[in-house]
Amino acid sequence: MEQKSRPAISASPGSATVDLSVEIAGLVLRNPVMTASGTFASGREFAGFVDLSRLGALVTKGVSSDPWSGNESPRIAETSSGMLNSIGLQNPGVEAFCERDLAWLAGQDVPVVVNVSGHTVADYAAVVERLERERGVAAYEVNISCPNLDAGGMAFGTACAPAAEVTRAVRAVTKRPVIVKLSPNVTDIAEIARAVEAAGADAVSLINTLLGMAIDARTRRPKLARTVGGLSGPAIKPVALRMVWQVAGAVSIPVIGCGGIMTGEDAVEFLLAGASAVQVGTANFVDPGATVHVIDGIVEYCRISGISSARELIGALDT
Amino acid sequence: MTCTAAGHDTHPLLERVEVVRNDRVAEGVGLLVLRAPRIAATVQPGQFVHVRIAADADFILRRPFSVHRASAGAVEILYQVLGRGTRELSMRAAGDVMDAIGPLGSGWRVPEGTVHALLVAGGLGAAPLGMLAEVLAARGVAVSVAQGAPTAERLVARDLFESVARRVEVATDDGSAGERGFVTVVSERLLAADRPDMVFVCGPEAMARAVAAQAAAAGVACQVSLERLMACGIGACLSCVVTTTSGRKRACVDGPVFDAGEVCWDGTEVPPRH
Amino acid sequence: MEQKSRPAISASPGSATVDLSVEIAGLVLRNPVMTASGTFASGREFAGFVDLSRLGALVTKGVSSDPWSGNESPRIAETSSGMLNSIGLQNPGVEAFCERDLAWLAGQDVPVVVNVSGHTVADYAAVVERLERERGVAAYEVNISCPNLDAGGMAFGTACAPAAEVTRAVRAVTKRPVIVKLSPNVTDIAEIARAVEAAGADAVSLINTLLGMAIDARTRRPKLARTVGGLSGPAIKPVALRMVWQVAGAVSIPVIGCGGIMTGEDAVEFLLAGASAVQVGTANFVDPGATVHVIDGIVEYCRISGISSARELIGALDT
Amino acid sequence: MTCTAAGHDTHPLLERVEVVRNDRVAEGVGLLVLRAPRIAATVQPGQFVHVRIAADADFILRRPFSVHRASAGAVEILYQVLGRGTRELSMRAAGDVMDAIGPLGSGWRVPEGTVHALLVAGGLGAAPLGMLAEVLAARGVAVSVAQGAPTAERLVARDLFESVARRVEVATDDGSAGERGFVTVVSERLLAADRPDMVFVCGPEAMARAVAAQAAAAGVACQVSLERLMACGIGACLSCVVTTTSGRKRACVDGPVFDAGEVCWDGTEVPPRH
């Protein structure tokens, strides 16, 4: 554990009595609300809307060893209560990321979780090895939804063996906390969670996007240039909650919940299902202040319910 | 080249905006006047606002609209009803409140010493050219406008253009006003006749591309305003990329206005409008 | 093929020129619009809202060999653009079904597809064997999303072997068309589709509901008595379309598409993705006339697009 | 026992209904008057309508509401604002159009020869008892009402009850009107004092259950109107089951009114209201 943010009492107005701090893999966060990778860039664009020091943690967009140019446009399509994206993990590569983004983030008072992408096991390890030379990385989030080019393009995260292999490779090169971000496009997500736990993950985050597709009946073409993309937003919240609940019951490492969180109440639902922290993704596009509104909403919920610490909510579902 | 109308030094903000007026100006086209003092105070020609049209609807994303005109305290939006968002928008009435992020993007750049400008508008492409025409005229730049639309009624913002431009020439698909045919015939003629210093284009991507080629052939600098589907509108999500000679750029912050010469026309525009 | 509905020109006003008929497993349907199992009962309740003879086919609720009492209440929860249900396949058993429902349906001019449930392979076969004694069954739809009690409760449809086994067992006892209804809660739905095709299925239908969960933050309890349930409605349409597209590319038997269809345009999207027919489910609750409105919408789409036969749309996606 | 007010012989239909009036009658409670001539023509006390409140919203299901009163051409609904649907409903204004399925369900059964009826209403449970009280009074049945609510202001439909009932006794949680405490204290007393032939109950399930027990102890027949979350409202989806002595029945068609004696109180009611 390198960076330890002060376990802080939430700064929300009138909330002096609610302790929002949570601990994930030895990292104490001032509150359970993180950004979801790819929806907040490295925070610079949101700095005018959100006081970044209010966030539990900032999860960066996916970073790969070399620059990736991503997919063709159109890259998004709107669906009922959701959206599809096929950005394709466009990023300037880890070198540029360190220079531009990490350097800027160093001046912000927020724990930084770097989301790591790769097409091969070696790719993942290479990114982390490079980042090990940098200060200001609180943890890694390993995105195993990337297509595994060594194995025909199925995502690493869709089977236990490759998921564990990536986890082990990253684990071998760092002592920092390793969060593995699970893919929901699987028959049994609990099984994958157990595999990465056994391979050394300190925590898991879920869910990444559900694979989906949209068609323009008029043009008879897919709405995304890449045909398929990832579904996110409120539409997927029920699936995300179910998976968080299943995984929390299957592993003993902390679970970070994500998928369709728009409000503080949504976040509370994920905590109740067993998440120790949450990530806010698509909501940032709807409301650039979404993360802070979610934090304030959790505080309000706790105050109305007479709860003094958000930790009391974790796994407190009454089934 | 000095950027006199750049948006980079204004910070976008989230503003509660109130509908002042929402009038139908043509079949399926509305003019929305929004009380938005903070956005109006800094918006530059070619910039846009990202509007949350409805909160509890089954669609969740904001919708981007160019600022057509700005006055003290208010901005005007010229919008075409295409789908769920713009249909909702057409039902908003005076007093209704929404929220908007803006001003966004990097607008038209007017180099110092510009003497004569040609504005080329296709359909609703007239929207981001309105404020530009006014600003240019106020600076004493001679303005010519080439405007195209499917039919006479759809030649939006005509009064504005007529009042500030030296000349306005139009083309309609059905010949109900001006030339019958595409606006490119008119722009070609005005390029030759007026010998402008700069061409400003907004319209369907195929048309913008054709006009850019005309300008290049005539050796005249050209800027195009491009549309992409946008999620965040503030540069974070990478949904709006435009392929340029220096890599993929984001239409929402690096654009929507691009130098025509840097655009790699790759046919990835949003689906053409109905 | 026992019952063959007349390949009919749609009866929609002014649509005399659009041929909507499609063929599924030797069964010619007057149009591609069926009801989705469990959302239309056996049609009686909808008879006041829909002329049943307009439907391409009527798919009954799930029928098991013995009566099932289903789950406790609450059995539904609303979610963003969708709903969860945990009805639990409540039904009076195949004997009562034949007496009450099949007998009534015999008087209706609509092909009847009987949806079959079971907890063991023998259950499925028993239901079909009983139904073989009845006239008025156009085809079977085998719901393999049921928990497999012989194998620890995982659904039959989540692995190739049990899915194929159920298919073979049903295939062995009938010459009528066998449609296998696939579960979306799998890593690779195309693989399951190929397995049931190889086991003798004449067609596949998809998707059944996505496993999800909803939590009431106020009471801190799951919204469903059974904790988890099946997600349906517009929220799941992108996932359904993607799976239909994948499966249509993987098998040579017809695919029936289902999931979030509310309008004729939605149905057209599924046809373009490769479905030969569609099913309308949750929409029936929103608008009891939904099936007919979907049929009318397809006709309107065809007329606007100058298409004379709905069959031209099948798989016509331009990728 | 003859079913004089059964709903089984009326066929539900889908009707375009228009808002005539939508008034706030108490904190968080509205009275909605809907022009619905076809539904109004056949609705019986205790039946309900299934309303599609919004078409393009992020929630999709209809919402069931008892018909509180019916007049020539119109039905009245008394609703409590709880969540998204009822919040939307509270924003509907005269002239707005929705669609409703109705009349639905099997309503209160009034056996021939009923001389004295006791109506027990908890909170919004007063809604389906309004029309019943009127019909009973019109037939010359003596009506007593035991009504409970959190506070005096929430004693909805009081004028109606006062105008047709022989006596109305109330209890409020805060004692701001009538007895302080639960309505069960009042119902117990009226059961003993009036010796009714039939008790009609609607309110939170725990209260309905308690009243049913009181009636059973007094040897008086009792009907209860139960709520379940409903998807279809017409008997097809099996989301609304009530466990009875003769198996699971559907609240939307076999109910919402059940003979208290056949209900297996299994605690599976919808979550209690705020």
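By letter and in written order, the chains are A, B, C and D; residue numbering begins at 1 in each of them.
In this section, contacts are C-beta pairs under 8 Å (C-beta built on N, C-alpha and C of every residue); 3 or more make two chains touch, one makes a residue touch a chain.
These figures come from a predicted structure and were not determined experimentally.
Asks: Among the remaining chains, which ones contact both chain A and chain D?
Replies: Common neighbours, chain A/chain D: B, C.
Asks: Among all other chains, pick the one whose mean CA position is farthest from the mean CA position of chain A.
Replies: D
Asks: For chain B and chain D, let me know how many angstrom lie between their CA-based centres, rounded off.
Replies: Result: the chain centres lie 56 Å from each other.
Asks: Whole-Å distance, chain A centre to chain C centre, using C-alpha means?
Replies: 35
Asks: Just how far, in Å, is the C-alpha centre of chain C from the one of chain B?
Replies: Distance between chain centres: 47 Å.
Asks: Name the residues of chain C that each touch 2 or more other chains.
Replies: In chain C, the residues touching two or more other chains are 80-82, 219, 221, 233-234.
Asks: Touching two or more other chains, which residues of chain B qualify?
Replies: 58, 60
Asks: In their shared complex, at which residues does chain D touch chain C?
Replies: Chain D residues touching chain C: 11-14, 52, 58-62, 101, 228-242, 247-248, 253, 266, 268-271, 274.
Asks: Quick check on the complex: what are the chain C residues that touch chain A?
Replies: 79-82, 84, 158-159, 185-188, 210-215, 217, 219-222, 227-228, 231, 233-239, 241-242, 245, 260, 265, 268-269, 272-273, 301, 316-319
Asks: Can you check the complex and tell me which residues of chain C touch chain D?
Replies: That would be residues 38-41, 45-46, 48-49, 69-70, 72-78, 80-83, 85, 87, 90, 216, 218-219, 221, 225, 233-234, 282, 284-289 of chain C.
Asks: Touching chain B in the complex: which residues of chain D?
Replies: 56-58, 60, 84, 88
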